[in-house]
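In what comes next, chain A is part of two complexes: it sits with chain B in the first one and with chain C in the second one.
What follows is the complex of A and B.
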């Protein structure tokens, strides 16, 4: 039975070269021309917009109020330092969200009537925290819980700000996970259960690994939102980038520090957005390759 | 001869569609039975019921003297003793061939990774898949995928093996060798094999062939 496999006939249509025929156009002559055309059209388009803005009647005032070079250089280091607080909140919250949201998603998928109360609780949680504006959750936790003065409960506004973000974003992310889990065909779970694996083992080894792979792009999308929303903890008095720029604005009577903060946020959200796009594109390529096989 | 598997008055409906209407079937140890019936007549459904993947509406299934369709039964334990090769294979696409094959032995039987791999590799070798050990399922041909699915089921060393259209994607030579292998196992261990309809060929490996007419009330040996 082995001989047949080894002496595989060399089919002319298969192989890596064959698959390229159906792929996107290779960067040949037409590809290079497309790049040139895109570059020119972009330059013309943005050139026109710049011309329009710069020739507007109020431009000199706006330029002075928002784009003051010396103020920019002065406030940038301070705001950048404060921005590290945003990065810290983001990184810590992200880890908790990834874990907690998965937990909620799994609870919502527990089978059988026994677990109805738990499923219901998880549903109420996601409904609540997706329904209440983030800003309110931050206020309620940051001012309400700390006012209780419970022994052993931290009073740091930074802590409660981060907790609020974790609760709100976990509600969104758990729905993303759930969509991913439901997108895995039931026959996969059936195959795992047929081997005698438990419900938990089936989720852990078969369903969730496939689900997570599928939801990475939408997950990253939510995290771009989270990065921006770290600015909301400023409402509790935490001096992060946005709060620092507010301080600088009131000190200089100039809005340039806001631009400074905006640039810092863009500097981390745009790479993330491009990375997400790249992942989506790669997934698509893989799926196409898989379908061909 | 003690019956390895007894199916009594099994009923199964999907909504208004009654797929299985009182199926009776008795299977002896080492027996290879082939189930034949038109497309959509409920062959796959019957196999899924035996594996407890589908809740049944009435009747009972007895495996080695124990009623497995009763309440309070440990379904995971029952399934560990029943191997099934699905009609559409259902391999795990995110796992290599060897991981597909060793998942059950490792997680359900509690074998160590090395023990499970020894067992898996030996079977892969026998099915001519040794060189595909680290390949992913979507890079295998249909017949290779089916053989991996067979190996995955056999790696659990089940007492009962349910094969759904088992040789549909295999060429003639492989079909013969797979059948030979299944039969060898059927004799050597306590295996009862049931190959469902597949043109005419699997019948040759079967000791009995059952016709399975749509909504048949009795499964009678042909």
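What follows is the complex of A and C.
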């Protein structure tokens, strides 16, 4: 009992197994002492920051401009409704990203000289879309492609905003997949091929299942990035949470609605981040358990 | 070319008007207690005026000069430039005493000390806004209006009700958004763009059917930004008449003097004349139904 406590200090505070929020416990120190020290240092640290901000000469101005309660209450419901547009964009985009990026990663891993042009194309794609700022991709697609007036091609800004995000994030995510695929030991593929599986079957049944499991945390990381970047679709005229808050800000000349939007994004990304932490921790536990067996 | 001649003609007209407006050789500032030295200024002896960049007609005119794009506020051409210089004159500043500083309009209301004495960028007075900055009295009363491409169905609309089935676009921060959502109530939510240019791009690629924009800006959108643009009509006023005000720091001691100057410009006919010179064109009024 006692040993176990020492080995596993409270999760959130020491983070040796869970999230690394507040540092790690010294190996020799008792869990309780770590909690006390962490609590005191936290209070002192944040107390000092709060004192510094509140005593700043411009604080009353800033407080009024960013933290106006009545404006907050008035603008929050409408911004929350507009936030559903963001949720819609990132949920739909994420599905396409996960599939499309895997496709790109597989293309990049095609063996043999015959497939060089395809590998090169996949490489150019990832280089290009990781290189161009997302905001520009959105502008170019949203106002450029639609201006071509191609018959049968939708002009909806929501559509093109989502397409831009899918293109950009697929480039990042395909690299994550590729790292995962390359992390699977070559002996796995060799064994599969020696059993008579084709390259495709080896990927499908042996390599990718292991690879994807390994890269779930970084995949979620990119998913969080995607969630925040949905705000960029506002450039094309879509009224999502950020745009709605801009509308409210320009109607009142008060920045409080931005705080509403920040809170909404945090409310959705923090649980996601903790979930990622939990997945990493679980994965680690399983791996360790696997070694013992 | 045509624009250049037009501008020249207007300049001559405006100069003539300005000469008559000042009313003879009396000292520039006749407002007691509101001379240069009585004001609390960013830089002594200088009136620092903020404006959005690019500055565009009919609010600004002249050839662009760095850092200003499209127009040049120093030109004294265009309605806001002319009004700003007229106000400056009332307060005893010569043309040389005026410095223009480019500042994106969203920065005109950020908290803290303002980097300008007065700011003009077609900012409409709203009671909520006036809690965070000071507004001078109106220097322009205006209507919103609808702009579209000629030959599209919306171009034939004659009433506000008739606009409902169409997808409208507005620029962020304009009162047009409020007008559309509150009074037009279209069946589809309006799109909201960062800039007039973006709204025009969206109109040209048919993502929206029409742009709602203040009437003077509509003149520019149809004359310059659109190849085949038309003003569908002016939207009727609802509630208090919309107007542009000069923005000052909240609690600015100069507000009283700026207001006096603006009032004088109304009283002595300068404002009427400048409006005639720069924004005289008109468009049909849209009925409610």
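The rule we apply is simple: the second predicted complex is superposed on the first by the 259 of 293 C-alpha atoms of A that agree within 3 Å, B and C clash if a C-alpha of one lies under 4 Å from a C-alpha of the other, contacts with A are read in each partner's own complex, and residues count from 1 in each chain.
In this text, a residue touches a chain if its C-beta (ideal position, glycine included) is under 8 Å from a C-beta of that chain, and two chains touch if they have at least 3 such contacts.
Note that the coordinates shown come from a computational prediction; the quantities given were computed from them, not determined experimentally.
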Exercise for the section: Answer with first, second, both or neither: which of chain B and chain C does A:46 touch in the superposed model? Expected result: neither
Practice task
Using the touch definition from the top, say if A:116 reaches chain B (first), chain C (second), both or neither.
Solution key: neither
Practice task
Figure out whether A:278 sits in contact with chain B (first) or chain C (second), or with both, or with neither.
Solution key: neither
Exercise for the section: Would you sort A:197 into first (chain B), second (chain C), both or neither based on which partner it touches? Expected result: first
Problem - Partner chain(s) touched by A:206 [first = chain B, second = chain C, both, neither] - result: first
Handout entry: chain B partner contacts - residues on chain A that touch it in the complex
Key = 1-2, 4-5, 187-188, 190-198, 201, 205-206, 209-210, 213, 290, 293
Problem - Parts of chain B lying in touch with chain A, wherever the complex brings them together - result: 48, 51, 53, 75-77, 79-80, 82-84, 86, 88, 90-94, 103-104, 107-109, 127-128, 131, 138-139, 152, 156, 171, 173-174, 177
Completion exercise
In the complex, the residues of chain C that touch chain A are 106, 109-112, 126, 128-129, 131-133, 169, 172-174, 177-178, 189-194, 198-199, 201-202, 204-208
Fill in the blank from the handout: Per the touch rule above, chain A residues touching chain C in the complex are 58, 61-62, 64-65, 143, 146-147, 149, 155-157, 234-239, 243, 246-247, 249-255
